[in-house]
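Since the structure comes first, as structure tokens, the remarks are kept for the end.
As written, the chain order gives the labels A, B, C, D and E, with residue 1 at the start of each chain.
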Amino acid sequence: ASTSVASRIEERHRDGILRIAVASAPSNINPLDSGSEVTRWIAEPVVETLYAYDDRQRSVPLLAAGEPEVSADGLTWRIPLRSGITFQNGDELTANDVVATLAHVNDLGSGSEWITYLLGYVQSYGADDAYTVRIELTKPYGLMRSHLTNLPIVHRDYAKRKDAMMGTGPFRLESFTPGQTFKMVAYDGYHGGKPDLTGIEYTVFQDGATRLISLRQGKVDLLTSVPYHNIGSVRANPDLHVDEVEGPNDILSYVAVMREPFSDPWFRKAVAAATDRHGVLSKVFGGAAVIGQGPIGPAEMGWDPDLQPYPDEPDLDHARELLDQATTERRDFTLTIGTNHTSRDMAQVLAAGWAKIGIDVTIQQLAGGPWSNKMLDRSYDMLMNVFQSGFTSGPANYMALAPAQSTSVLSCGFVNQEVDELMDTVWRTSDDEVRAASLRRINEILVEEAVMFPPVYPKIVVARLATVSPLNLDQLRISRVAPQNLSLVPGGTDE
Amino acid sequence: MTMLEFMVRRTLNAILVLWLVVTGMFFLLRLAPGSPVNSLPPAVAADPLARAAYEAEHGLDQNIFIQYFDYLFGLLRGDLGTSLYDGTSVMSQIASHLPVSLELGGLAALLAMVPGFLLGCWTATRRGSWSDGAVRVVTVLSFSVPAYWLAVLSLVFIGQRYPDMLPTAGGFVRFTEDPIANLKVMLLPALVLGLSTFALVVRSIRAALIDVLSFDYVAFATAMGMPQRQMMKRIAIRNAIIPTLTVVGVLLGGLVSGTVLVESVFQIPGLGQLMVTAFLRQDYPLALGCSVFTAMIFLGLNLVVDALYFVVDPRTRTSTQRRTAPVMA
Amino acid sequence: MSMLVAEGLEKHFRIDHGGWQKSSVLVRAVSEVSFAVERGEVMTIVGESGCGKSTVARMLVGLVEPTRGTIAVDGVELRPERTARDRRLIQLVAQNPWSAFNRRRTLGHSLAQPLLVNKVETDRRQRRARIEEMVERVGLSAAHLASRPSDVSGGELARAALARALLLSPKVLVLDEPTASLDASVKATVIDLLRELRADLDLSIVLITHEIDVARMIADRAAVMYLGRLVESGAAELVLRRPSHPYTRMLLDSVPDPDPDHRELAAAKGEVPSSAAAPHGCAYHPRCHLASDECGQERPELLQHAGVEVACHRILDVGMPLLMPGSLPEDRPEPAVAPDPPADCARDTPTVDLPHPQADVTDRLEVR
Amino acid sequence: MTTVMSPTAAPVPARPASRPLVLRIVDVRRWPIHGVTNWFGVGCVVAFLLIATVGQLIGDPTLLDAPGAEPPSAEYWFGTDTLGRDVFARTAEGAWNSLTISLGTVLLSLSVAMPLGMLAGYHYNGRLDNAIMRGLETVQALPMFVFVMFVLTLTGTGTIEIGPVTFGMRTRLIVCLALGFVPFFARIVRAATLVEMQDDYVAMLQVLGVGRTRILLSEISVNVLPPMVVQACLAMAIAIFAEGGLSFLGFGLAPPEPTLGNLIADAGSQILEGAWWYATLPGAVMVLGILGFNLLGDALSDALLGGSEGGAE
Amino acid sequence: MSELTLEPGTSTPGRHASDDVVLRVSDLAVRYAAGRGAAVTAVRGVSFDVRRGEVFGVVGESGSGKSSICNALMRMLPNSARVEATGVEFGGRDLLSLTDKQMRGIRGTEIALVPQRPMTSLSPTTPVGQQLRWYFGDSIDDSDVRDSLARIGLHSVLGRLDNLPSRFSGGQLQRLLIAIATLTNRPSLLLADEPTTTLDATVQAQVLKLLLGIRDTLGLSIVYVSHDLGVIAQICDRVGVMYGGRLVEVATTSDLFHRPQHPYTKALLGAMPARWTPERGRLSTLRGTAAGANRATGCPFAPRCALADARCTEEMPAVLGDRTSMVRCHRVEEAT
């Protein structure tokens, strides 16, 4: 709050560059390879999608010239492209670029995360002409529209590159140091409105506290992933603004129904009832979350605010009653979590809660690969991890639901005819109403059966200096920070 | 033995050890449970088609010995494969991280060894005095304080006040970008890293010097009236350095280990941090590459120490003769 | 039959000089050493440092495997890998009593080892009794058994070392410089003990020593080594008092005489060459004042000469040394006792009476 | 050159009274530990042991019922963490974990390194020696930390069952760390054995017919052990440090099990927010342990080896 | 230096000694602090003179304080040691009252030392030639100096100046050390602390001859410490016998060997194998060891002395005689 900080900021802002502190760097900068938020935050100003969400989270054309033409059987999609749009290297956007993008995300060997969504649905794709892209599906796929709204379009020569990014967005990636800094400058030939900023610079600070310090000291303007423990102190600081929105932040948390002890529904329900949701909310998330019930959270399609079978505070007596009905003898399980701090804190709070009804929990913390090993080998009892789903799936988190479907390769062993059918509907239908209704019902069943029970739905928390223009919270709700639309305001903003 | 001969021998030995390290690590990694394919997004990894395609692309479907020889030949060509995590070339990753670690380690070594040497010599001649006691207390404390704890504390007590001193709070700046800012940012980590080395150098030099000062040849030189200063320079220090040099090998190991921790705390993008991340992610090719490089650096540094040893202690040249000195009489 | 027969003993050490081709040097520590020791006899081996005395000792007790040659005790040939029976035939007492015992073990423990491992005495009580008996035999008390080497004196340690070697009741005892590291007064007591033991136990002793005085005092026969070879051997009276070989003479002359009225320090020319590069011919010829061309070309054989075996080409030229009256072996009935000593301050060695070339050699040293 | 040794050349060194080693160590009055620093070291070790044993009985390290992030008070001596746990209870438990792991590490590595080192020393320059040394060099070519990370990564963090034996994380850590310590110890043992081998008494024992195993086990070992006790003390300090470092990096015991290292790591963010007690106090306890064992090593070196070990102090 | 010859190879008692005293030691005591306030008195009440050109021998068993005397004279005792004396006069100065700096000026220039272990008395890592240069300076390049070095048997050393000390034999090194000690500054007093104990008899003879030759040429005085009576008999003019930190007898060499006074001296001579006769039977006449003798209150030799009575254990005998020859023994005192 000292004047030296203020003058440092003023000094720094002369160059018109917005500096953003992020928690981690993407593994590579090909925006087609990873669906994680880190890639997306950095790719947002550079690449654009065929369709985009408006502020009411409806999909509207962006690079596409209009709505896709879908054949009657729903198997052939034709997407018209706008003409005259150029990439940051001056090349014009054509159907070939979209086809190259599709080719990459459908390539089994590429390792792209998108393959998960397209595998088994996309049969072929091609360019009808320079401005029309054609996609042939094997079966009707309502979610295709959602994917087209999320999939960035990359210059054909860059689709496979992992060391460069070329899109049609307002900023061009100028230079970067892997894992550390990413520098972008405004692209003069941008087809939309000219941005206020001359450039954007991302710096990676893995440690939450130092990330925060650099914001306080005015070294950066914007901070993603504010450490939950520190939200209080940011809120109290008049020079900083903190935005907390319910977003598609998920806690993937499900159990292996095919094995003891979770094969016993009473055991599952007892565990669900003894889950210390309030403890997690207050101790781990500093209140920046919503009490969780089923797998679908408040920012997602199918959210049912009235569904509240489990209390905030664990109902231990009830849980013990449930446990008494369980036929399994086991009173212990292993909780496998990811390596982040939040998961660890959460696991410890939960374990302490479960210990109160006599269940002994071993916490096993594993990094990505080994964590996946467990998931794929189905050698877990309960899996838990935090992740953000918005980028690849929009306002609906289908991947998180996959284990509940008995036909999924990731099935956790839960077999429920109705869920399986509803899931098919969700994937197939292009009617959002139907999809939302199906999701609501799936959520209800999973809550009832206690297969998936995230303790809370964390909020997205972003902090910024008062001298940065306000964020578009509607975009933030689906994890879009959209720094390209921000501007630097001398003296601070008034909200 | 000539210097060249001696070094060639030592180098060959180092290469043999390096080969053992590479071979051991390679096979152990391949025997480990869990396929590297599993680090793909779960839904991709779970799909047999995608799995097979990925394995074919990365040569994982081949016989393990073919993979091994591929790796060895790749190593010779400077190609260490690609990272499983992000598909970049391991070599290029190492190339970008290594200089930072070398700078950090070098700086720490410089900050530790030079003052450590001087202080060690100084206290040895003041044995039993209060300054000697004070130095002893300081050195014991210095190597009893874990670098990572010190790093965390310095983040708080120094970082709050002088954020520019911290790579974490200011973003790391490379030497090539801005030497001054880089040195500013590296100073604290180098000090933290070098502290225990400093203490051990002081203790080792002091002990060796005290030892040497009680030897016959020092007594003779003194009895011949050689001035103290000359005696120290010509005889005592020269002979005291030899036992210290053997310790330096261990110290270097400590420095290399230390960079891993210190880089993690201070978020310095060096080889250590790269390695920790690689290990945590089980990014085998990257972890293996980093380890091989670390071993290489470590063995290389030990070669340098050997060479120094050869220079400082001419007895090594006739090592075999020395063992059977009576023969030469 | 002789108690100990060493036949053609040879030991070569190969020493690698770390070089490109692993060049190595062959050290001929001991070559063609043969001797025999009779029952109850003391034979001494003398010579300068590095001449191979200890190597002979170590070969005798099986610590070093001979390159060539055989060792037989009491008619039994000993193999390089000694069996328990072999060990009971021949034992060693090493030079430095302070390092002959494990410094962190009691003497009792150390003394029990030979009995234990050779299963001589398996019963604890009897073992104890036997050790105590032996300890008292060498002039120590049973109380010493509880102490550690650091708590007893050098003389006591030397006694304990003897006791340990004797516990196996060997027929041959090899003593490698048993008194070299002891103080004068202590040394005397140990020498006394040795003489006593030998008389009592009917031991054959191989005594290796630097100290000619000590050798003269207790040896019956003596052998002189130079650069790994025997240059002279025979009755101690002859070899140690009236030497035949020029080297032996030089060796004896350089022993300082404890008589201030008789000052004649005879210093040898030069130093012992490396046994890795022994001179051609007679190894002693570069230092020998009598050396002729022949000496540099051909190695002299050990030949019988005037009652001793000598390896010297020039032995006939030098002539037989004058004899001290009554000192020939056949004159004396009892070999264990030395001849009448000369008067208090008389010289033992009669070199003065010889046409003695040493004076000018030594005076010149290496001055040319 | 000559082997004529004057009595001066082999003085009888003054050695502590000849009572069995164990008795000499136990009898505190006779400890030749003098000087403030040496006693201070003993004090540090005792304090550390007290915290790790008695302290561990006070409070529950996993109970979350305290108010979050409170500074030290009469009730919570070391304050509480954000999850509402008693930091003192966690520190004490962490110290206990540190202690058991370090002790296990040192004992295990010693029990492996002693035979290896003694064998290598006994067969100095022989084939066995060369093989052992090459193996040790290979293990040492990776700095210990990297080596342990490597092995832990290979074996994962879960429990491993090999036959009927279950290797928990604790056992695995011990095994890994011990493996890293083996070369360190083995080299020292080898050097010490070499020195012993050059002593006449070994040759004498050989002449007397004492076999290799017996010489190594009952004769050389008693001389090699005292320096190893000193080294083990110093190694304890290193092991506490290394265990802390590993758990600091996330390679240690799994949560909620506290270790001194993961307490420091956990504190990372909090400490900047003013929760100074969070990392400072557990770290201080760790320093207490490391410092204590270092000083105790020095003191023992004085006591057992007459202070001449490596000429240090 | 070209006049350096080794002509007289032997030494006749008193032949070279003049009457002027080079070193006069009066009532010297050396005490070592042995931790926790305990102290070892290694030397006490030692007085003797060394005259110009004289070889003064000091003989005694291990631990009797011989080296302590040498080190005290050089003022090179460890910090834990305390030296007291009524006077240590050397060249008109009291050595004990000189400043450290003045003492440094005397070391090597006026008093030199020949060490006990030649093999370890040169820095092991520096070639011999360079070490010679430290002491001789550039004069080592003079042919004169080289000649004299060659003449004392250092020919082979001069040919291998770039070799390390470990490549030379003990004899060569000892000669080299003697050359350094005596030829660089031509001191007037040489302290030789058992310079030949580690050498072979043959080499010992060479070294002794060299020492005597140098004594004759340079006219320096030598304090020769030894435990070997044979060597003492051969080279010393006068001898002091040490026992338990005391000088128990001082006499000319001839007197000492022919007419020993002190029981210890007698016993020492009797224990020499060279003087043994078969009639005597046992060689040893002494019981026990010298350990702890320097802690005794009375005569240090009393515990081992066959003639000792109660007085001997309580009272240290007075000096009988003068500085040139004396004995400390109640029995001798009573006899006269």
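The criterion applied here is as follows: a residue touches a chain if its C-beta (ideal position, glycine included) is under 8 Å from a C-beta of that chain, and two chains touch if they have at least 3 such contacts.
Please read these numbers as outputs of a predicted model, since none were measured by experiment.
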Chains adjacent to subunit D and to subunit E under the stated definition are B, C
Which of B-E and A-D has more C-beta contact pairs: B-E
Just give me the whole-number Å value for how far the CA centre of subunit B lies from that of subunit C. 55
In angstrom, rounded to a whole number, how far apart do the mean CA points of subunit A and subunit C lie? 91
The distance between the C-alpha centres of subunit A and subunit B, rounded to whole Å, is 40
Roughly how far is subunit C from subunit E, going centre to centre by Cα mean, in whole Å? 30
For subunit D, residue numbers touching 2 or more other chains are 1-2, 4-7, 9, 156, 250, 268, 271-272
Among subunit E residues, those touching two or more other chains are 61-62, 116-117, 169-171, 200, 203, 227
Residue ranges of subunit A touching at least 2 other chains are 207, 209-210, 213, 339, 370
Tell me, which parts of subunit C touch subunit E in their complex? 48-49, 153-155, 183-189, 191-192, 210-214, 216-217, 250-251, 253-261, 263-268, 271-272, 337-338, 340-341, 344-345, 348, 362-363, 365-367
Mind listing the subunit A positions that touch subunit D in their complex? 207-210, 212-213, 227, 229-230, 233, 279, 282-284, 334, 339, 341, 344-345, 347-349, 351-352, 355, 362-366, 370
Where on subunit C is subunit D touching in the complex? 48-50, 54, 58, 61-63, 82, 84, 87, 91-92, 94-96, 98-106, 110, 113-114, 117-118, 147-148, 150-151, 153-154, 161, 164-165, 168, 177, 180-183, 210-211
For subunit B, which residues are in contact with subunit D within the complex? 13, 16-18, 20-21, 24-25, 28-29, 32-34, 133, 136-137, 140-141, 143-146, 148-149, 152-153, 155-156, 159-160, 203-204, 207-208, 210-211, 243, 253-254, 256-257, 260-261, 264, 275-276, 279-280, 282, 287, 291, 294-295, 298-299, 326, 329
Subunit C-touching residues of subunit E, taken from the complex the two chains share: 6-7, 9-13, 61-62, 150-153, 155, 169, 171-172, 200-206, 208-210, 212, 227-236, 253-254, 256-258, 267-278, 282-286, 289-291
